[in-house]
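This structure is in structure tokens; I'll ask about it shortly.
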Amino acid sequence: MRYKNLNRLLILTFFFFFLILPLGQILAQEDTLPPAPPTEVRASDTQNDNGHSITITWKLSGDDGAGKKDVVAYEILRSESPAGEFVVRGMVPAGNNTYQDRGAKEKEDKNYFHPYHDFYYKVRAKTLNSYSESGVAGPAQAYGQWFHLGKLPVFVGTLAFTIMVLAFISLARKGKKFYVRPLAGIDAVDDAIGRATEMGRPILYILGLGSAADIATIASFTILNRIAKKTAEHKTKIIVPCNDPIVMSVAQETVKAGYLDAGRPDMYQEENIFYITSMQFAYVAAVNGIMLREKTATNFYLGKFYAESLILAETGSVAGSIQISGTDEIAQIPFFVAATDYTLIGEELYAASAYLGREPLLLGALKAQDLAKAIVMISLASGAVAASFHLDFFLRLFTVQM
Amino acid sequence: METIGIWIAALLTLGIFSFLYKDNPFYKFCESLFVGISAGYWFVTTFWQVFMPKLADNLVAGRLYYIIGGVFGVLMLLRLFPKIGWLSRWSLALVVGTTAGLYFTRYLVSNGMIQVQNTIIPLYVKGNLSQTIGNLVIVIGTFSGLIYFFFSKEHKGAFGGLAKLGIWFLMLSFGASFGYTVMSRMSLLIGRMDFLLGTWLGLIR
Amino acid sequence: MNFLEKLLALDRRIIFLFIAIAVALPLFFTVKLHIEVTPVVRNLHNALEALPPGSKVLVSLDYDPGSMPELQPMAESFFRYCFMRDLKIIIIGLWPNGPIQANSALEVILNEPDIKKKNPKYGIDYVNLGYTAGNEVVIERMGSDIPVTFPKDYSGSKTEDLPLMKGVKNFNNIDFVYNLSAGYPGTVEWVLFGVDPYKIKLGAGNTAVQAPQIYPYLNSGQLVGLLGGMKGGAEFEIATGHPAKAVKFMFSQSVSHALICFFILIGNFAYFATRKKKGA
């Protein structure tokens, strides 16, 4: 009895070792069989960069998305010689066929990428428990480019626009009369100043919260200059509270120049152009106080405005002042439209400054902008029509690769 | 200590709110306090966050080329002396020039080219009415808006008609932003109310 | 003067009073409103969900106490989300007050029971690099070197000594940028100086005033997603499954909006009715 059982055990063991186990292994091997390797691996310098990167491309493994469909990722390996030790530089999920091997540009950095140095690459297709490698590609070297060709449209745009501005300015200097359409807000300036003179009350001019470098503030300086000149002629006081010390300095210069133009430099009072604070709402609170205490007849809000626009315009409206506003801050225009008598919408502010100043510099710039707008409008209209017929020529004109 | 802070904040809030009724000495006091404190705060911030780390520390560390920036800064202060005040224009020129240069290409790319690129879209999308309408609105809106801001031609005839359409588009967008701003203002008021009723008076959780 | 004319000449203080009541009264009630998560907020949330744990998120707080009611809840909900998801937070400010706002938001969040359990550590899970002057130039400089732009953190420790900052050289080492903005410098500058030149992934929370100006950047894909005003903040809280302050305030917001709509309607009605009469 005992021996019989032993016999059975031996037979079973025999079966297990010599039949079932190998069969299992054969079956399991199906799973560990390597996938088809990636082919046509190419390594070359990455274009339009500073010279610390190589781009590797390959043809997907036959088992990526087709065949056994078991490729899950590709590993990119690099070595300094074809037979040398390859180290993993990165991994991309299945379905991708490019990789940018990038490194730091500082020599002391651990990840420094040596330019002008030969590198060799291999791509490894990975399944869950197996892999296969491509042949070695290379040598490839990384080097920087002098020009970033992807940014060519920016270069062309900048160049064309600069030429346009310079050409129009030079034409304006030569005395060419440029037409600028009338702007309602600007035609009202004279009446507004006249009213202040009649009432014997001051004029308040707010340059907004912008810095001296903001285009809106710069445009506002030109308008301030014209208005200062007129107030000097009418002997009306002008108050300019500022939010930025630099803006204040420029505003003082501007008003002084206006008084000089009017032939009344003696009337210029620097203390009326002053700095309050750079804090938005503290500034607003102070300006509101000025409006109510000084009972200003006319308020100008020209420049860059943010949340304070409505608070200012509302206070002025309650105080019964005539108000002329203008800003390129789109979010604030609705409030100015609602609460002031005249509003210069966005670019109209710049146009007003050119219109009033009649300075060749501003006029030229305005004309150049108009031409640029015309080009954009034409491209936009033709581009949209072309795009409806699946033509992307116009689209490519504006495509920038950074 | 915190209680005192909350009380001061609450009283100042009420002081500023009192302007809604009418201008009064309490409001004026709060206003002056705010202006004074914020000027002082800015001075201290500028000194410790700009002057010290950006100039003084660098000079002490031996990076002497920072003196160039320092000199331009001093030039700015020369406005205090009328006779040599004109020297400050150099600093102004530097500020205005660099900012203009820095912004030109960035604006051209981000607000110009990329935006135009995203406006060049098909006017007709087969089998998708809502997208077709959406695309038409974007293209016509942008186009007519540009017409309104074209200053070299008087708004007359067909051109004037397009400009008028442009201003309609502009007004619609202004309406939307008006709504957003009302929301903003209400949020600020809610914040203050929550502070007064909750943090200060403890009436709400 | 008939009723309509009286209505037009209504003392604005009466309107102020109505608004005050409309804002204050709802604060006493807890009403569960249905808040729909709009696609712009959903997109931001999805982009964050796609970040694996341990990803480094740069948070730039560009506002001051003036915009706290709108942006502070966004800062809090964002920090909470990052801690829960084990995202590493690097805080900076282009406004001097930004990092201070960050600290007060952190104080609130770090005291929440869920977060306390996670016990995030300064220097490892989050850092506050403080403010540096220079506005958009700061972004430009960060593109080439973050530790040089912010050599010290808020409390004066060397940036390079912070474990979290190890290996953070420039925007290449940052997985996502989140910007809370109330003006200049803010989201526009982040798009101009960060997204386009350095290809950073940017999501933003803005005051409602600013939001309409930011929308074009969403359409063009320069911005991943946007929280516009308190409503955006509330949507984000809903999307992350943790309703908090912004959601709580939505009832007040809704009631006050309804009242304003009512005033606009009767104001316009009175205006046109009286004008017609005068014209006749």
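Note that the chains take the letters A, B and C in the order they are written out, and that residue 1 is the start of every chain.
Just so we're on the same page, a residue touches a chain if its C-beta (ideal position, glycine included) is under 8 Å from a C-beta of that chain, and two chains touch if they have at least 3 such contacts.
The structure displayed is predicted, hence computed values, not measured ones.
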Please identify which chain has its centre, taken as the mean of its CA atoms, farthest from the centre of subunit C.
A
A-B or A-C: which has the larger count of contacting C-beta pairs?
A-B
Between the Cα centroids of subunit A and subunit B the separation in whole angstrom comes to 16
Computed distance of Cα centres, subunit C from subunit A, in Å:
20
Per-residue overlap in subunit A, given as positions that touch at least 2 other chains:
281, 307, 330-331, 402
Would you mind listing the residues of subunit B that make contact with two or more other chains?
109, 114, 117, 173, 177, 180-181, 184
What parts of subunit C, by residue number, touch at least two of the other chains?
66, 196-197, 207, 209, 212-213
In the complex, subunit A touches subunit B at residues 153-154, 157-158, 161, 178-182, 211-213, 218, 246, 249-250, 276-279, 281-283, 285-286, 288-289, 292, 307, 310, 330-331, 333-335, 337-338, 345-348, 351, 366-367, 370, 373-374, 376-377, 379-381, 383-385, 387-388, 390, 394-395, 398-400, 402
Subunit C contact footprint on subunit B (complex, rising order)
20-21, 45-46, 49-50, 53-54, 102-103, 106-107, 109-111, 114-115, 117-118, 173, 176-177, 180-184, 186-194, 197-198, 203-204
In the complex of these two chains, what residues of subunit C are touching subunit A?
12, 66, 169, 172, 183-184, 196-197, 199, 207, 209-210, 212-213
If we count contacts the way the header does, which residues on subunit B are in touch with subunit A in the complex?
16, 19, 23, 28, 31, 34-35, 38-39, 41-42, 76, 79, 88, 92, 95-96, 99-100, 104-105, 108-109, 112-114, 116-117, 119-124, 135, 139, 142-143, 146-147, 149-155, 170-171, 173-175, 177-178, 180-181, 184
Spell out the part of subunit C that touches subunit B in their complex, as residue ranges.
13, 16, 19-20, 23-24, 27-28, 66-70, 96, 131-133, 136-137, 140, 151-152, 191-193, 195-197, 207-209, 211-213, 216, 219-222, 228-231, 249, 252-253, 256-257, 260
